[in-house]
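Same chain, two partners: chain A is paired with chain B first, then with chain C.
And now, the complex of A and B:
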């Protein structure tokens, strides 16, 4: 087990923790934080994969930068939407009965 | 102008994105001066791209002249062009419809101001998905289209639309993360993101299997495959009607398109065959489950949204039907493939028309309660005709385009002896008759109760235009099959009875 594997495992672990949070946490802000932890895990994995042999591969770094930009703007929008939901419904969670109601 | 003629595909993304920026800067003024040129330019670029494809065959476009491992490549082949054609036809109809959809009140004008930039942005990113030949570029385009789609859903400002949009946003972001995890695993192992480059070096090993599993989960969520379809009905039913049309007709097809590309071009063959049967079972379950819930709805737009869940199931039935005949000396495989793509095309046109018609009826009555539709067929004969024509295509009755799609898939299921798939398709067709006649029955009865507000003629024409297209593609399907031939994978064996 070398250092790349350690980073990779940590990345997958973060992804798992984040996804668990997305599924379990009812509060919208906690869901969004969990989503960010999960994306942090994927980004960590990508950075770790860039280190192969002597010099690191620059392409995954560029990909991670793109991913971070997308993640930041998505989070900003999602937080604004969560605030709107709170103002409209008085709750900061998704209505549990409103989803799959038939 | 020479570059428009030589590389028309560039304008399919450049024009909508540019228009998004311009219409945002214009702040809602002079919308005709933006919308009409966009429709004209995109249609021209689309016609030129189609002409270039049928003239010189499938080709690769290197963006900015950078060659594949370093740059991003687009591929223009039959499958891509048919999906782009669907986007252009639906996009033009929805744009014209939206010119008349928004009212004159302050709140409505505020909504319209944000509608146009977001819609053009969504249009451009959808075209980018269908053009792309690079697995990371797909991630970027998917995120762009997902964010624009959620923002469009929440424009209607109802609490249900806000929570429906939020649920969709969280699921779409999670789906993209799964997909991105697969992308990084593939890049870490094979060192390239280009689809063709990857297909040359990919091997059957645990890492490829893991990547396939996570990317399939991601795309199944995006394409609302049963059992991860639950975000779709609240999101599509509560969005403004032109947005519902785009979401059901085009946005869900993005995830399906990527899944289809990966299945036919990237994954090792025995892995694809194993995955196909699983996807087929989920698709079959979606047909039954979606149709059942569509029959039980009491409101118009949730009914149409559940019908989308069911019709998307047919798309995933194409995988087991396609893989059974791979390499075989018959045309089963290409019939299933072409049938699946035709289902995407016919469902896109018919469903967009249905949602646009639903918007007209809601304008007329002020509510989308099914009981309130009584008597509207008499008052709005054009919209009733549009819904009937689109319904014919959705039910799979000739001469609708949906008939061609379902006939191709059904004949493969029967001639290859896969009776389970054949049975599900027949039951699904009958259930579609069941839920659509719940709309027609009420539209065709006479009653003068309830408020009535005359909707705009332009909205009615736009819905009728898409409904007529969904019949026209059923009457004349050969040009589409000719287009699909370009660059079709050799796995398909003989193409529709013709050796390529």
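And now, the complex of A and C:
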């Protein structure tokens, strides 16, 4: 157990917390926030595992830097989709009243 | 219906999800703990080839040279995201405007006048410093995007501006130039993004400058495209 493992485990935990939110939270914005927490966990894991010597491994760092920009653009698109869903249905949540929970 | 029987499917689903995620966490945690505490990964390979990359910082060398196709696809994804957000057309009737706009507020106006030039200079510095220190197109683009978001949210830059011809050219220039360079390397060198060594530094600097402008414009346009969502939420 050292600092790499500590950061790595924190990343795994964040991934699990985020995934829980994605699967359980019915509100679209809460799902989106959860998804970003989960991807934050993955980024933390990758960055932590890349630093296990004198100098950090630049390849995973470059992948994470690319991933951050991708996740920002995907989040913006998802927010726009949520806004469109709200306009079309009058609700921004997947929680259906009447038992049909999807 | 949700109060009585509808509650149980939710409970069962929660239990299933928690069980599955616990299993995932345990497996991943074991994998993390099995990773040896020392390892260099690919940093030795990168350091070996750094002299042929045209830059002195390993991260910039990986992003713009060794794995340049990641960055090429990334700016492509950013462009596609902008087009996708525009195609949803969620701002047909709304504009994001602050009341009162910033030009009526002396403190905000003077504050922006001090901060924004500094941010622009810092963004330029970020591109330049990326060749030998942490920095580069992404950090610079983030700064430029933040400057534009500040202008938009203070009401100085109204959102229809986002679709003007100048902004469209800015958005496309990074991807267009990077793509032309990639095509040229395929035609003349026979391999994707293999820069001639003597020109590599200059090519990377030009690509990074255009990428920074495109990333900044894309972030601002994405913000302008989805801002105002709260207004619709409030209406309910």
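We adopt the following convention: the second predicted complex is superposed on the first by the 94 of 102 C-alpha atoms of A that agree within 3 Å, B and C clash if a C-alpha of one lies under 4 Å from a C-alpha of the other, contacts with A are read in each partner's own complex, and residues count from 1 in each chain.
Here is the rule we go by: contacts are C-beta pairs under 8 Å (C-beta built on N, C-alpha and C of every residue); 3 or more make two chains touch, one makes a residue touch a chain.
Predicted model only: the values in this text are computed from it and were never measured.
> After superposing on the shared chain, does chain C or chain B touch more chain A residues?
The larger set of chain A residues in touch belongs to C.
> With both complexes overlaid on chain A, does A:27 touch chain B (first), chain C (second), both or neither?
After superposition on chain A, A:27 lies in contact with neither partner.
> Is A:63 touching anything from chain B or chain C once the two structures are fitted on A? First, second, both or neither.
both
> Does chain B (first) or chain C (second) touch A:35, or do both, or does neither?
first
> Determine, under the contact definition given at the top, whether A:89 touches first (chain B), second (chain C), both, or neither.
So A:89 only meets chain B here.
> Looking at the overlay, does A:74 come into contact with chain B only (first), chain C only (second), both, or neither?
In the superposition, A:74 contacts both chain B and chain C.
> Under the contact rule defined above, give the chain A residues that sit at the interface with chain B and also at the interface with chain C.
15, 19, 45, 49, 52, 57, 59-60, 63, 66, 70, 73-74, 77, 81-82, 84, 98-99
> Within the complex, which stretch of chain C touches chain A?
1-2, 5-6, 9-10, 13-14, 17-18, 21-22, 24-25, 28-29, 32-33, 35-43, 46-47, 58-59, 61-63, 66-67, 70-71, 74, 77-78, 80-82, 84-85, 88, 90, 138, 215, 218-219, 222-223, 225-226, 229, 232-233, 236
> What does chain A use to touch chain C in their complex?
1-2, 4-5, 8-9, 11-13, 15-16, 19-20, 23-24, 45, 49-50, 52-53, 55-63, 65-66, 68-70, 72-74, 76-77, 79-84, 86-87, 90, 92, 97-99, 101
> Would you tell me which residues of chain B are touching chain A in their complex?
136, 139-140, 143, 147, 150-151, 154, 159-160, 162-163, 165-167, 169-170, 173-174, 177, 180-181, 183-185, 187-188, 191, 193, 230-231, 233-234, 293, 296-297
> Show me the residue ranges of chain A that touch chain B in the complex, using the header's touch definition.
15, 19, 22, 28, 31-32, 35, 38-39, 42, 45-46, 49, 52, 57, 59-60, 63, 66-67, 70, 73-74, 77-78, 81-82, 84-85, 88-89, 94-95, 98-100, 102
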